[in-house]
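Chain naming follows the written order as A, B, C and D, and within any one chain the residues start at number 1.
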Amino acid sequence: MDFSFFITQAISGLTMATLLFLVASGLTLIFGVGNVFNFAHGSFYMVGAYFGYQLVAIWELNFWIALVLAGLGAGLVGMLAESLFLRRIYGRVNEGGFQILLTYCLILIIDDLVKLIWGTEYKSLPRPDGFSGAVTFGDIYLPSYNLLIIAIGVVVVVASWWILTRTRPGKIARAAAVDREMVDTLGVNVPLTMTLVFGIATALGGMAGALAAPLRTVTPGAGIEVIIDSLIVVVLGGMGNFWGAWLGAILVGEVNAFAVAFVPKWASLFSFLVMVIVLIFKPEGLFSPRQVRKV
Amino acid sequence: MTMKPGPKFSAAVLWTLMIMGFALVPVLMSSSYQLNLASHVLVWGLFAVAFNMLWGVTGMLSFGQALYYGLGAYFVGLMVEYLGSAWYLPAIGIGMLAVAATSFLLGLLVIRVGGVYFTMLTLAFGQLAWQITFKWYDFTGGDDGIQGITAPGFLQNPIAYYYFLLVLVMLSMWILKRMAYSPFGLMLRCVRQNPERVRFLGRRVRRNQLRVYIVSSLFAGLAGSLMAGIDNSIHTDMFFWTTSGEVILMSVLGGLNQFFGPFVGAIAMIIIEDIVGAWTEYWSLIIGSLIMGMVILFPKGLVGELYHLKLRMMQPKAGRSE
Amino acid sequence: MNAMLELESVHKSFGGLHVTQNVSFAVMPGEISAIIGPNGAGKTTLFNQITGHLQPNSGRILLKGQDVVGQSPQKIVAQGIGRAFQIASLFPDETVLDNVKVACLSKLDQTRRFWRPVQAFRQATDRAYSILEDLGLEKQADRLAFELAHGDQKLLDIGIALVLEPQLLLLDEPTAGMSPEERQRTRELIKKLWKAYELTLVFIEHDMDMVFGIAEKVRVLQLGALLAEGTPDEIRNNKEVVTAYLGEA
Amino acid sequence: MRNKRLLMCLVIAILAFIVVPFCVNAEDKTIKIGAMYPMTGRAGLYGKDSVAAAEMAIDEINGKGGVAGYKIDATFTDSKVKPAYAVRVAKRYITEDEVDFLFGVVSSGVGLAVTEISQQYKTIFIGTDHASTRLTVDNFQPYYFRVSNNTFQSMTAGALYLKELAETKPWKKIAFIGPDYAYGHSQWDEIRYNLDRFGVPYEVVGEYWPKIYAPDYTSYITSILRDKPDVLISGFWGGDTVAFIKQAQAYGLFEKTLYFHPDAGGNYELMSAMGAELPDGLVLGARHYNNWPDTELNRNFVQEFKKRTGRFPTYAAEGAYAGIYAIAHAVEVVGNPDDTEALVKALEGLKIKLPEDPEGFTSYIRPETHQITQVMAIGTTMPNEDFPPAKKMLGNWKVYKAEDLDPPAEYIEMKRKK
């Protein structure tokens, strides 16, 4: 296999991986920090994509402003959902099951709301100005928007790591994950913290949606397709571990990229195979969440 | 949450009522569609109750029981497809053997981890099985599924099949109920509540978890193989995570801590899905809000709430907080 | 006559922290003894090593002459050690009766029976009731464990341990968090059980009335090391102990 | 135990609910149609368009006083693209609502499950939008009819197009990419079968099977670039096409290879979704076009639909529209909607003028397959703002005669033997 193809393929895998990670980052945050299994995370990704579409295609805002607003919007929806519904089931017996049930209901509701507002036609966004072209090194051909996404992924992983480990709010949030009551005694408003964390998580999901919109189809049901893959990534990396999620995503992305290149017939099996194999040998994920949980 | 069987009399009444209720459907029904609906209720009910042995009783939240449901169905489907409908009944048995073997082997892998990791690992295996069935087009028919699965002889008559189904489901439920209230069942509940203590009683936690995993999967498989004969067609959906999700929803909806909770949950789910689906294209909004409301209002599930309501009415003192 | 339990220079440390330092002592069959010491003296850690929940870094733990170091709790239990925990370790959602009964069924190796209902196992039921009577819990048999008063929960915990007919029973602060009356009652009860079940009994306790009331032998741990060992009187008059512990107790 | 008795009351109550017959208000003199379409999620677009078009046709017919004194009355239910659920709905339609026709279905998986029921209950099932050839060949049954093209027809047209192309612009190497399920696979098999049949030489340099609804194709694109095919045959469906084209564009794939997508590529929703972004020179086909054929009938159909819904129709709409008219014609011939066997006879070889028929051609249903036979056109993307929000539409058409597109007898034989 010639070198330039190797690079191209690796980077295409990286693009996929990064988008996967950007969706998964919110999931892993709410998993590891909020101890919440948010099955509806994909729906927030979709909501973000639609907000992006609304802002850019209908209201003709600048893409970058739209990106931020879409994230905020999804975050607000998330906080609303958390404080209206999820909050009521914390601490129940079998909370896990209730989380699945409740967030599953969220998927159903959000799907129909999106349909009511934007209809069922496919939408899409043009790439932002200055990123519609490509960069070429010799015969390596790299779309600049893909490179941009990869860069954003790195920024997100570093930033969130820094916030969670180096700042007080981050530490509090992580403490809340270990023991909600304990943090309560520290005089921290736990319900508020949970709502905020949920908001940030869903905002990340929404931003990922808006960021992916120029490359994908904005359509009802778009959330369902991403949720399982990002779950895989979150589990691979060890729940609540940003670096883990990032590397997990890269693992899945690259394995998939080269599976496509060399065994295309079976490529679609690989992401699950990777998960199964990793979990058999390292049941708690590549990076056990403990490091993150420790305050 | 207790699982004490009632006095013999009441239990007997319960069973007769339930069996009669279902047995009368073919007599009272105004159309074979209601028969179809009742059949779906029975199959999903069995699936959900079996699943709850795993979750509600032993505390192992599997997100991959669809694997065994689908396995049961596809054994029947494929054997009838390739070997003829004479193989329908043998296929059910062989399918269950296969399920037992698979659940034993996978069980050894998945029970090593607890909590959400167990959930995720089961999900991963379930999805893998789905992906394989989906891809192996030449053998499984992939996304087209398998059609024309007819039971042999008199079972081709839908009513005959319905009673066949009813007998098997009630029999299985009876077996599961005996288990739930036997020492084995007690041990399983103890495993959920305090595994450390169980170890210190000189009992093996993992071993018990493996046993119940196999039992639950076995009946999930049976449910699947019975489903194949109802619509005469099966589909890869049966392996998909949404199927595993469905039984989780049913269990929570009906109540995890009552043996019959999941069964009632299944009834509720199917009825709601059907009525709302027939009534509006915005079913997903309606159903979503409906269930959301139930979950928030009835934390103990439909049956659980009824039980506690009754308790409070009987002896006001007994109102416990949970 | 050889010891029921014998520790030979047992040593355990977490990182730099030495929680058990060459502790050696022998517990004779039928003896009832107390282990005392300030919080963090490593009392519970010692129990955990005896019952196999923790592994000592060095030293031997002999149960009836057999070294049990490295064996699993299950194995060790099977050889006749019973234990009640500092925080009662129960099955909260089961009835008091079933809590004891599950232990009886385990003892009778009937937990794999999956057909006849629990009630049908008379032998286990009778055994469970007799134990509940010994504990004075029979009236509460049908309540759920988590509904019991704190003290009763601890008794129930002991009851579960008794089912396995241990020769050696370890109690971790049986009276902690009890009211004076409850303590009184528990103290009597434990003494009664000790006689009735011909136990070798070792208990960790802070309540001095209990220690000096019923223990034949008292061992004092401090910073993981065995500070003193002797009859209640010897300990009472032991200068080090007084300064180190009893003084400020 | 008390809770159990309570529980039983609940069970009984709910059973009662099942058992109490849903009141079937059977006003006579109606043709009852039970339609199933996905109305949520990915396929929702096609479902909604089909429903709108079917209602449009029904209003037109009932407006003219119905057929043979009957008014058409259709019920629409969301199939949820779940075969098991769709089967339940079909059974309700047949036994509760006593419909005369089953109707619709987008997914072939659902279609195959429903055709099973249609056979069991001897109720005619009009397929309007699912392409799997199996329904009319392998799993053929007498009560099933399809009024939209199947993949075999579009793939035959595709093969013919490639054959002609070879004369003007020589090509040799082809690669295929399509969704990894029955629909994708049968397209790939059928195009190769036809290329061989027409003696077109070709060399396969790549075969790619992404999951359906996969959001990301970059790895596939870079691999295709490595294979350097002259022609990339695509079998994508629905929104996947949009995602693939957007991602491939960024890699300049379309400058290097010809994008050839004969079955569902020319769907209007692609044009409307991508607007100006859609590259020129893609060779696409679809089962119906808003700008071809330029006949009275088609223009009215498209404009009427726009009036009703505020948007232009996707290909699916025309299938549903045709389905209603096929039923109307059959009932007209028979004189009532109750004599199923007669209706089957009437539908076999039915001739019907449809929006997608060019001047001088009339679609007809082929008796031996119950498959409608239609002219197919394949076009190339080029600027055209007549159908906003689309900024590009297809043009410079290549048209293929209906007769040439049907599966040859030996093919049907081979398949049915299996």
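Everything below uses one rule, namely that a residue touches a chain if its C-beta (ideal position, glycine included) is under 8 Å from a C-beta of that chain, and two chains touch if they have at least 3 such contacts.
Keep in mind that this is a model prediction, so the values were computed, not measured.
Engineer: Provide the labels of all chains in contact with chain A and in contact with chain B.
Structural biologist: The shared contacts of chain A and chain B, listed by label, come to D.
Engineer: Could you work out which chain's C-alpha centre is the most distant one from the centre of chain A?
Structural biologist: Looking at centroid distances, C is the chain farthest away.
Engineer: As a test of whether you follow the contact definition, which chain pair has the most C-beta contact pairs?
Structural biologist: Highest contact count belongs to chains B-D.
Engineer: CA centre of chain A versus CA centre of chain C: separation in Å?
Structural biologist: Centre separation, chain A to chain C: 50 Å.
Engineer: Compute the distance, rounded to whole Å, between the mean C-alpha positions of chain B and chain C.
Structural biologist: 43
Engineer: Please tell me the distance, in whole Å, between the geometric centres of chain B and chain D computed from their C-alpha atoms.
Structural biologist: 36
Engineer: Can you compute the centre-to-centre distance for chain C and chain D, using the mean CA position of each chain? Integer Å is fine.
Structural biologist: 75
Engineer: At which residue positions does chain A touch at least two other chains?
Structural biologist: Residues 111-112, 268 of chain A touch two or more partner chains.
Engineer: Got the chain B residues that touch at least 2 other chains?
Structural biologist: 1, 4-5, 135, 284
Engineer: How do the chains pair up in terms of touching? List each pair.
Structural biologist: A-B, A-D, B-C, B-D
Engineer: Which part of chain B faces chain D closely enough to touch in the complex?
Structural biologist: These residues of chain B touch chain D: 4-7, 10-11, 13-14, 17-18, 21-22, 24-25, 28-34, 36-38, 40-41, 134-135, 137, 141-145, 147-148, 227, 231-233, 235-238, 258, 260, 263-264, 267-268, 271, 273-274, 277-278, 281, 283-284, 302-303, 306-307, 310-311, 314.
Engineer: List the residues on chain B that touch chain A in their complex, please.
Structural biologist: Interface residues on the chain B side: 1, 55-56, 61, 109, 112-113, 116-117, 119-121, 123-125, 127-128, 131-132, 135, 241, 245, 248-249, 251-253, 256, 282, 284-285, 287-289, 291-292, 295-296, 299, 322.
Engineer: Spell out the part of chain D that touches chain B in their complex, as residue ranges.
Structural biologist: Against chain B, chain D makes touches at 1-8, 10-12, 14-15, 17-19, 21-22, 39-40, 76-78, 80, 82-85, 87-89, 91-92, 94-96, 108-109, 112-113, 115-117, 120, 132, 134, 139, 180-183, 185.
Engineer: Quick one: in the complex, what on chain B touches chain C?
Structural biologist: 1-2, 4-5, 178-179, 181-187, 189-190, 193-194, 196-197, 199-204, 208, 320
Engineer: What residues of chain D sit close enough to touch chain A in their complex?
Structural biologist: For chain D paired with chain A, touching residues are 39-42, 44-45, 47-48, 180, 206-211, 213-216, 218-223, 225-226, 238-240, 242-243, 246-247, 250-252, 269-270, 272-277, 311.
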